[in-house]
Structures are given as C-alpha cells and as structure tokens.
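Consider the two complexes below, in which chain A is the common component and chain B and chain C are the respective partners.
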Partner chain A sequence: MTTTIERGRPGVRPVKAAPPGRRPGRIRRIGLPYLLLLPALVLELLVHLVPMVIGIVMSFKELTQFYIRDWGTAPWAGLDNYKLSVDFNAPVGEALLDSFLVTVAFTLLSVGLCWLIGTAAAIFMQDTFRGRGLLRALFLVPYALPVYAAVITWVFMFQHDNGLVNHVLHDQLGITDKPSFWLIGDNSFWALLTVSVWKGWPFAFLIVMAGLQNIPRELYEAAALDGAGIWQQIRRITLPSLSPVNQVLVLVLFLWTFNDFNTPYVLFGKAAPEAADLISVHIYQASFVTWNFGAGSAMSVLLLLFLLAVTGVYLALTSRGRRPADA
Partner chain B sequence: MRTIRAAAAGAVVMSLALAATACGGGSSTDGEGSNDSPKTLTYWASNQGASIEIDKKVLQPELDKFEKQTGIKVKLEVVPWSDLLNRILTATTSGQGPDVLNIGNTWSASLQATGALLPWDDANFAKIGGKDRFVASALGSTGAEGKDPAAVPLYSMAYALYYNKEIFADAGITKPPATWDELVADGKKIQAKGKQVLGAEGANVSENVHHVFTFAKQHGADFFTADGKPDFTSDGAVAAVKQYVDLMAKDKAIPVGNAEYAQNQSVSDFAKGKTAMLLWQSASANLKSQGMSEDAYGIAPVPVQSGAPGTGKQVNSMVAGINISVFKNSDNLDGATKFVKFMTSDEEQKILNTAYSSIPPVAAAQTDAAFNSPATAVLKDTLAKSAAALPQVADESQFETAVGTAVKELFADAAAGRAVTTASVKARLEKAQQQMPAA
Partner chain C sequence: MAPPRSFLWTRRLFLTLLTGFVLIPVYVMVSSSLKPLADVTGKFRWLPSELTIRPYIDIWSTVPLARYFVNSLIVAGAATVCSVVIAVFSAYAVSRYNFRGKRVFTVTVLSTQMFPGILFLLPLFLLYVNIGNATGIALFGSRGGLILTYLTFSLPFSIWMLIGYFDSVPRDLDEAALVDGCGPLGALFRVVVPAAIPGIVAVAVYAFMTAWGEVLFASVMTNETTRTLAVGLQGYSTLNDVYWNQIMAASLVVSVPVVAGFLLLQRYLVAGLTAGAVK
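On to the complex of A and B.
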C-alpha cells in the first residue's frame, strides 16, 4: 500500500516515463492489481481471519451450553481456560498432554513412513518398464478414495471377530496366539498408524515423482560413466536434488497428519481409545461433546501456536543458506 | 482494458456482496419467534427405523395428511443419531435450525439449558390437549425438575431382555432369568451348547450409560447428588459399573468381541441366532428387518438383583424415548404447535408407534389393541412401574460421554484380559468425574 501512496504523491519521486496528462490512467494501472487482489483479501478475511479472531475471543470466555445460543453474553473467563488446559496435574490438562504426546509420536512415525515408502516407490517407478502406468495408477488409489469410505473398510478389516487382519495374522500365519483387538485398547495406535500411512504415502509418492522429473538425466549418465552404483546415485544425486521438494512435502505431511481428524473419528467414533487419542479429536471432544467451547477454543489456540512455532523453526532451519533464487 | 475493468468491478461487487451476506446471516438469532411464514415448517426427525429411507416412508404419508388438514407443508429431514446432537447444537448457535425437531429424551435438560427450545408451559400444553394426556414416566424426561418442560414425549421405549427360544430350549432352560445370578447360571448352560450368552455394545458410549444407570439404581446409587453435582464414585456407582463390566470380565456372559461393538452388531448376532440374549429397547422392528421371525424370541423384563422389578432398587430400565421440541425462534410458532399436536394425537401416536415398535407416551393411545401383545405388554409394564429417567440435569450430555467412555475403556481392559477391580473401576470413574465441567 505504501508504494501506491508514495508514487501517487506528486513531486516526491519523479517518474521519468510518465507522459504528461496521463495521470488518471496511471493510477488506474497501479490500482488495478490491488483491485484484483481485493476479492482474495476479502475472502481470506472472511474465511480465515474472522473465524480465527472469534475463536481467540471465545477462548477467553466461559462458553458452555448455557451461553452457546448467544455466545456474546458468555461471561469472561480471563485466562481460566488456558490454565485449565495447561495444568498438567489436573485431569483436563493431563489428558491434553497425553493426547499431545500420542499425537507427536504418531505424527513422527506416520510422516517418516509415508516419506520413506513414497520416495522408495517413486525411485522404483522412475525406470520405464512394462505395466508402469498401471502400477502408478494403482499406487494412487488410496489417495483418490474418499476418506470415509476407505477408513470404514479398514474398520471392517480390523474387526476382532470377523476382520481380515486377525484372519491373516492369527488364522493363517499364526503370528498372534489369539485374535487381537485393533479398534480398542493399546493396539488402536498401530491400527491408526497403519491407516494413516496407507492413506498418506501416495501423496509423498506423487510429489517425489514430480520432483524426480526435474533432475536432468545427464547427471545420472555422467555419474554412471564415473562408475557410481545405484545407491551412490540415489545418495549423491537423487536425494540432494529432491531436497527442496522434500522440505515442502515433509512440512505439509506433518501439518496434515498432526491435525488429522477424519481418520481417527471414522475409525474410533467420538470416544477414541486413550492410546490413539489424537489431539484434533481430543479438542473436538472437549468442545462439542463436553460442551465446553471455551476450553476447546483455548486448546485450539495453543495447538495453533505450537504448529506456528514448529513451522517457523522448520522453515528457518531448512531455508538457511539457500540462495534467494531458490526460495 | 475495458474487459479487465469490468472484471475488476465485478469482482469488487462480488466480494462486497459476499461480505454482506456473510454478516447478514443468522439474523434471527436473537429473534424470539413469530408467525411470519405460516405455510411451511421444517422438521428434523431422528432416525428411528432400520434406515433413513424407511423413516421417510413412514413419515411422509403422515406429513401429507397434516398438510391436507392444515395447509402447512412440512419439509422433512431425517437425521442419523450420530449427527443429531451436533446438528442441534449448531442450529442453536447459528439460530438457523428447523422449526420442529426430535431430541433424545435424555438430552432434554441439557438442551433446555441452552434456552433455544420453546418452553412447554401450561398454555402451550393446553394447545395440544393438556399435560394429563401423557404418561408420567415419559413426562419425567422432558426437562429439569421445577422448570417448564423443553419437550413433549413422542415415542417411549424401555429396555427388555430378548431371548432366543430355541437356544433356551436346547440348553434346558424353561424360563427367562429374573435375576442376574440366574442369568449367569443360565449362561453356563448356554455356553455348554456352544452359543454366546449375552450381547452388548461395549464401545457404544450411550448404550453403556443406559445399562450402568440401571445397575446403579439397583445398587441404590445415582450419578448425581440431589442438588445436581456429579457423584460418580460412590460405592454403589462403582459396584454397579463393576457388575456390568464383570458380565464380560468375570462371568464371561458377554463375549469379549462385543467390547468393540458400537454399530448394533449385537442385534445382528442375536438375529442370526449366535447369541442367546440381548438387552435392548424396542428391538422387534429391527429384528424383523434382519429376518428373525417374531416367534423365534421371547421378551422378558430386564433382570434385577433379587425379586421382581419395581420402583427404587428394583428399577430395571431407563425411560428411553424420543421427544419432540420446537425451536423458540421459529417463524411459524403456531404451525409448529399445531404440528406437535398432530404428532401427539391419539390417531398418529398409534400409527407411528406401531411402525417403530415403540410405546405411545400418550395414555389413550396406549390402550389400543396394537400395544397389547405380550411383547409390548412387557415394555408398557416396565415403563409404568420399573423405569427411571436418567438424571435431568444440564450436564447430562457430558455425563453420558464421560461415564460411557469410562465403561468403554473398562470393557477394553476386560477384553484384553486385564483385571477389572473395584480400584480400577473407581479410578476410571474418578477421571470421568474430574472431566465434567466445574459447576
């Protein structure tokens, strides 16, 4: 905005190219980009900023079922909701901390595995071979399926009595000595992780595959001439070249996985087992099931701050030393 | 240039219009209702039948009848149970709800506290024929005591013990168990014949609460003190929850697989003849739709600790059912009241409750021959004599979640072979209580 004002102010900065008597046209030309940006700005304001501000205001209110009809009238709670959320010696804070730790462990494992499988598959698919197109399409199926339908299928497979997972692990392979529970109790963590990785890796595959297209073939040819084996090529050429792509990929996967609500909700319903109590479902429970919208908002704000901090540190670390042209 | 300018102007107008509509939404939030649009009503019906399609088939002809009588067109939406409470909450917040809606009767006091529902004072009740038309137990779950009800009873239900006659005969059992000890003893005979004993929905939070509530009554305990404070850890409450979970953990009557059931799988197991007994409310229509013929099973009162069902410690069911409510800010208050009158009329009560195999909460309709079969007689009797309403407190909805989840976790413990002890039960309940909002 400041630029517009400065340029518009007469005499401050002489503009060489401006032919006399064409001022209105110039203003229009300079104003136009902002005018075109306006719808986006307004929408951004409506879709993101306003709800966010409302959410922050709510987090300072004592917002329960008594006030949701007209939440403006809810009494101010000061920092009570925040104190409640971070008091790790009291049940609400303790449960939030547990849920946070579960989510961190889950996210690290899920993102790591998604990246690993996606990258391996993309590198494997780099060479042309018969049936590559079909295989590539098959790989993308989990990514293309509606989340609900896919996860519900997993629910059936994880059933204790008639599920495919127990049938294979117990009846056919005899790995477990009795059928296990996957949707309740401690194993639910592994069930959730399985579905999450199954659902997430095709995205990593897609992005890495796109990144691979940008690596010049000559690099490999030259390396091969110099006697580099396949592992050396991956380590010295592929991975370093993919680094900018990976930086974005890992960040996006991290944010998606950390905030994933659909998978645990469809898998476990509104009361998730403690071992798989992801923070998004936990906050949903605090707000919409316990009807304590104030505390739920406070937890959301804390989560937002955490994710902002992580993202900030991550971006600072990964962009350090990069030339501006890359950014 | 001209086109770009036009496009830009268009974009600005668009965004301004968007902003205006976004701010203008929810205009009736503070409105206290009116009769501005007397010709239409929106009705959210809870999913009662085996599917939403079946519900539409049941309800649409009745709504057409209502339109013929009054000229008011009712727009129907059948809402699945899992979404209903959230939808109501959202509508409450935005003020953009239906005119008339169904609520689970246990939520009455919680939703009453939001102030979004029309209070049914004497004047409003007079418009639908008076309070006396309704059965007392059903009126007991329409809102907090001492306040005007937030809802009117629509369908009543009670829990009963459904038992498979053939499995019982094979196991040499001549009559359904009247006490829990008898049930466990019968269970041993049934297991000897290779069948499952009792079905349960261990991961269904609400279902869990209904059962432990009944057990608590039988132990002389409540989950709330007289002045409405949560009291989940009294000796009676702990014993009640333990006894229910012990049906799986200790008595092995409930199969471990049921610990993860939450989608009515236990009804399917029963309909398929895998399980000998089921504690359920109004299961007949559901069993029929799954191909189980009506003479294949019997219906008996839910067992008690000793003796016969009755009041106090002999309570053997919650007062289950659906209420009908009106959103206070409706633009067709008179029409909404007329619709409630129509739905609770003797005639409609017979039709609807027959379709849903529930019991009419309207006394006159209850006497109809359709509700005098042996099956419905048990339910009717239970509702009249030995059912108690869940606590009518503003925190009821939270209580359902907190205690229901605790029981779900205990079932998970039992299924994994972990010990369920008085101490572990108490610890879970304590945690549940501490998660309740501070009063």
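On to the complex of A and C.
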C-alpha cells in the first residue's frame, strides 16, 4: 500500500519541450498537476465531500418525510438524533446496539474465514500441478459473479420447501429433524455468513497469490538445503513474508464486510431478521422505511466515527516498527 | 524435493472441499435454469425431470430484461470509461509531480474507501432531488445520476491502484520522452499509459464489476425506465409465483458477460494488484 514517492526532483525537466507559441514557464508547470487533478477533485467534491457535509448537517435536523422536498427548512433537532441513537434503553437505541453487535460478530467471523480459506488456497496452489489453472479460474467465479445473481441463487438454495440446503440436511442426510427456516430467525446469521464467505474469500485468495509472487525463491531453496520440510517452510517463510500484505488485506476486508449492504439486502430484503440485521441495512431501514432521515444520518455519522477509530488504531498498531507510510 | 504425502493429502482434501463449496451454487444456477417450473416449485431435485430452454425464452417477456440489460451496460460502461480516464490523469499527477496538497489529496482519496455507502445515500438522494427541483436537471432517477454515483465508488480505488502502477514505470522513460520534445501529456499517453496497460485494464475490470453489481444506489435512484439489472431481477417474483427457473436463467445471462470478461482479464488484475496494492 505504501507507494514510494520520495522524489526530490520537482516537476518536469527544463521547458525545452514547450512548443513555440505557448507560454512556457512556471505557471504552466506549477498549474499542471492541479489541472490533471481537476476532474477527480470536482467529482470527489460533488459526490463525497458535499454529501458528507450535508449528512452531518442532516444529523442535527428533525428530518422526516414532510421535509424531503426542501430539507433546509426542517427544524433543528440539536443532539436529539444522537441521543435517540445511543439511548440503549429505548427501542431505537437498543435496536441499533443489537445491530452493531451482530455486525461486529459477523464481520470478525467472515473476515477470519475469508482470510483463512483464501490464504490456504493460495499457499496450496503456489506450486504447479495438473489442473491448477482451471481450478484458479473456477475459484475466482464467486468473486466475479454480480452480487445479486450470486446471492439470489443462495436465496433459492435456502428456501424452506424447495431449497437444496434443507433437501440435503433433512431429506438426504437426516441431520435435522424437520426442514429449517434459513432466511428468518436465528439461522439467518449462519446463512448470511455462508454467503458472505463464499463471495468474499476469492478476494483474499487473489491478494495472497499476488503477495506470494514477491517472495524470493532463494529463501525456500536455502531453507530446503537446511533441511526444513514444507510445513516448516510455510510457517517460517511464507506466513511471515505475507504479513505486510495481510495487514492491508485484513483492513480492506474488514471495511468492506462491515459496510456491506448488497449481500444482506438481496438475501433478506428491506427488513433483515434480527439475528442478521447488519448495520447498513438497519440504517437504510431506519431512514427509508420509517422515514426518519435525521436519525438515519446520526447513525451513519456514528458508524463513520467508529470505523475511523478502528482504522486509526489498526494502522497505528500495524505500522509500528516500519517506516511511516508515505502516502 | 517432492512434497511429503501429508502435504499432498491435505492439499487434495482441502481443494476438493473448496471446489464443492464454490461449485454447488453454480451448479444450482445452471441446472435450475434448465428445469420446468414444476421442478423448482416442489422439492429440490439434483437432476431436472426434463431439460427445457423455456426459461431462457420467457425471461425476456416476464420482465423487460433487455431494457434493464441496456441500462446496466450504459451505466456500467460510462462509469468505467470516465473513471479510468480521470484516474489516469490524477494518478499521473500524483506519481510524477510534487505539489502542495498532494498528501491531503491521496489521504482523502484513500479514506473515502472506508466510508459506508449508506452515509452517502441519504445526502445524495436529497442533493439530487434538490438539484432537480432547482435547475430541472434530472439526476434523481436518471442514468446520469447513477453514472455519477458509481464513478466515485470506483474512482478512489482506481486512482490508488494506478499511482502504484505508474510508480513502477521507470521515470527515465517519460523523462526521455520529454527531452525528445513530448509535452507532459504526450509523455503520459505515448510512454506511461502503454507501459501501464495491465494496471489500467485491471482498474477498468474492477470499475465495471463494481457498477454492474451495485444494488443499494440502483434500488433507490432508478425508476421504471432507468432500472438496472440489479433491481430488475426482483421482478420475477410475483405475489402468486416465484419463477425460480427464470430467475436462475436471468442470473446466468447477466453473469456471463462479467464472468467471461473477468476470467479473460484476470491475469491483468493479478498483475495490477501486485504492482498497485501489494507493495
């Protein structure tokens, strides 16, 4: 992730290159980087920064469906939306806290499993064997499938009466007494986790595979000469060498999983069961289904603050002992 | 030295189980898309009672799938092209120049990656509605609004990855071009871009996939005429029936272009990730 930009030399070489007729010199040279950045800056401003400011302002307003057309006129609510969100004894706050805890548990499990499966698959496929190319392509299919197409297939598999999961677990293996419900009730957590891991692990696989290519072969050869077996090589060389890659990977997986909306939304629809009520869908429901945009915004801001804090702590912990990232 | 048997057996077992896990939903999708309706409404069957291509014919008339397909193509295509072009310029500026605010820019771009989409949904929704009311420019419900929205999902990631990629192109190359009389843009397009093609392809693939698969903004910000596949697929469930065979057929049809493209271009993606993200 650390892109090295330690270049002392400013700008381009002397303006020998400037074509005649155009004004050569400082202004053009100094202005050029900004000119190149302009489109990105305008877009970032329009679609990230302005909405973020609006979102923060909204969170201090009493913004219900009556004020949507002209949200500026909505009355100020002060900290009411925040109080509502963090009052864990009242229904709104309690539901938010539950949703938050579910999301934390879900994210930790999903990221852990994605990392584990992805890393194992990448390490097992480091050496060439017959069928490796085919297998590699196959493993990337869940990642390449559009979310809605993949998740809707899982919805079909989890159906109570005509789904594959109940057919296998109940009819064929006899593990469960009667067909279970997977998309409502407590089972929904495990259904969501399964889908999330199925969809997410190939990304870890891709990144770890890329990381493996950077480990010098000589390290393994030297270890083999010293008599280290393959398990020892994996433990002593492969895994430690992957740690910079893993730090980025785990952070990215964490943020994506924590913020994931698409998977639960396609799996459960607008209202997720309590056991699998991820925070994104919860906020969506608080905003668009119960039409309280002010409270929804306050929850979004709280979520952002939490993610900023986690990321900050994580980066501080993982970058210790390394040179500071010169992003 | 050949790996020991313990390693070979663990590998075989692990890869077999994983292949099963990956393949089962794919098998369900393909086989169910070839089943008559009775097969998908009753108990699950591993094998169809009869093979039929009926679902593939019916999907186009049950919902206006072709229109959704075109909408998705326009939105994802436009978002990809714009995102890649803009990211190329920005990444070139960051990779090759020193200027005030560079750090602020890169940090801002990176940090937007961690913001939850839901944070932007409500404000963008209101912003688009208000811009529409004030100026008559219909962003809400239009393809343009959706393109703009998607652009900024993929843009930060594209810029971030391309900076890494451009950094790996030796500076001597474009400096030589500058000395030979190219302008900065000439050096960019004649030297840096050709040398960074794998990274650019990787970024394009990623941007297209993100836009093609996005659900949240598509479901809030589209109407009947601008609806994309992500929302349109919900149309196969009615109050009385869920046409699972048609849903699976439609899912397969919308997946084939992206999966095929992805698998064809995946070696670029791996190369791009190696240079851009994993350093």
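Methods note: the second predicted complex is superposed on the first by the 299 of 327 C-alpha atoms of A that agree within 3 Å, B and C clash if a C-alpha of one lies under 4 Å from a C-alpha of the other, contacts with A are read in each partner's own complex, and residues count from 1 in each chain.
Here is the rule we go by: a contact is a pair of C-beta atoms (placed from the backbone, for glycine too) under 8 Å apart; a residue touches a chain by one contact, two chains touch by 3 or more.
Computed from a predicted model, the values in this text were never measured in an experiment.
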| item | value |
| --- | --- |
| Chain B versus chain C as contact partner of A:L239, first or second or both or neither | neither |
| Which superposed partner A:L108 touches (first chain B, second chain C, both, neither) | neither |
| Touched partner set for A:L116, first chain B, second chain C, both or neither | neither |
| Which superposed partner A:M58 touches (first chain B, second chain C, both, neither) | second |
| Partner chain(s) touched by A:Y148 [first = chain B, second = chain C, both, neither] | second |
| Chain B versus chain C, judged by how many residues of chain A each one touches | C |
| Touching partner for A:L317 - first (chain B), second (chain C), both, neither | neither |
| Partner chain in contact with A:A309 - chain B first, chain C second, else both or neither | neither |
| Partner chain in contact with A:F181 - chain B first, chain C second, else both or neither | first |
| First, second, both or neither for A:N292, with chain B first and chain C second | first |
| Common ground on chain A, meaning residues reached by chain C in one complex and by chain B in the other | 32, 36, 39, 43, 46, 68-71, 161, 288 |
| Chain C - residues contacting chain A, complex | 1, 3-4, 6-7, 10-11, 14-15, 18-19, 21-26, 28-29, 32, 40-44, 86-87, 89-90, 92-99, 102-103, 105-110, 112-124, 126-127, 129-130, 133, 148-149, 151-152, 155-156, 159, 163-164, 167, 171, 175, 178-179, 181-184, 209, 212-216, 219-220, 229-230, 233, 244, 247-248, 251-252, 254-255, 258-259, 262-263, 266, 269-270, 273-274, 277-279 |
| Residue numbers on chain A that touch chain B, as the complex places them | 28, 32, 35-36, 38-39, 42-43, 46, 64-66, 68-71, 90-92, 95, 159-161, 181, 183-186, 269-271, 273-274, 285, 288-292 |
| Chain C contact footprint on chain A (complex, rising order) | 1-5, 7, 9-13, 16-19, 30, 32-34, 36-37, 39-41, 43-44, 46-48, 50-52, 54-55, 58, 68-71, 117, 120-121, 124-125, 127, 135, 137-150, 152-154, 156-157, 161-164, 166-167, 171, 198, 206-207, 209-211, 213-214, 224, 229-231, 245, 248, 252, 255, 258-259, 261-262, 265-266, 279-280, 283-284, 287-288, 293, 296-297, 300-301, 303-304, 307-308, 311, 327 |
| Touching residues on chain B, where the partner in the complex is chain A | 4-5, 8, 11-12, 14-16, 18-19, 22, 29-30, 82, 86, 89, 92-93, 95, 110-111, 113-116, 202-203, 205, 256-257, 259-260, 262, 394, 397-398, 401-402, 404-405, 408-409, 411-413, 415-416, 431, 434-437 |
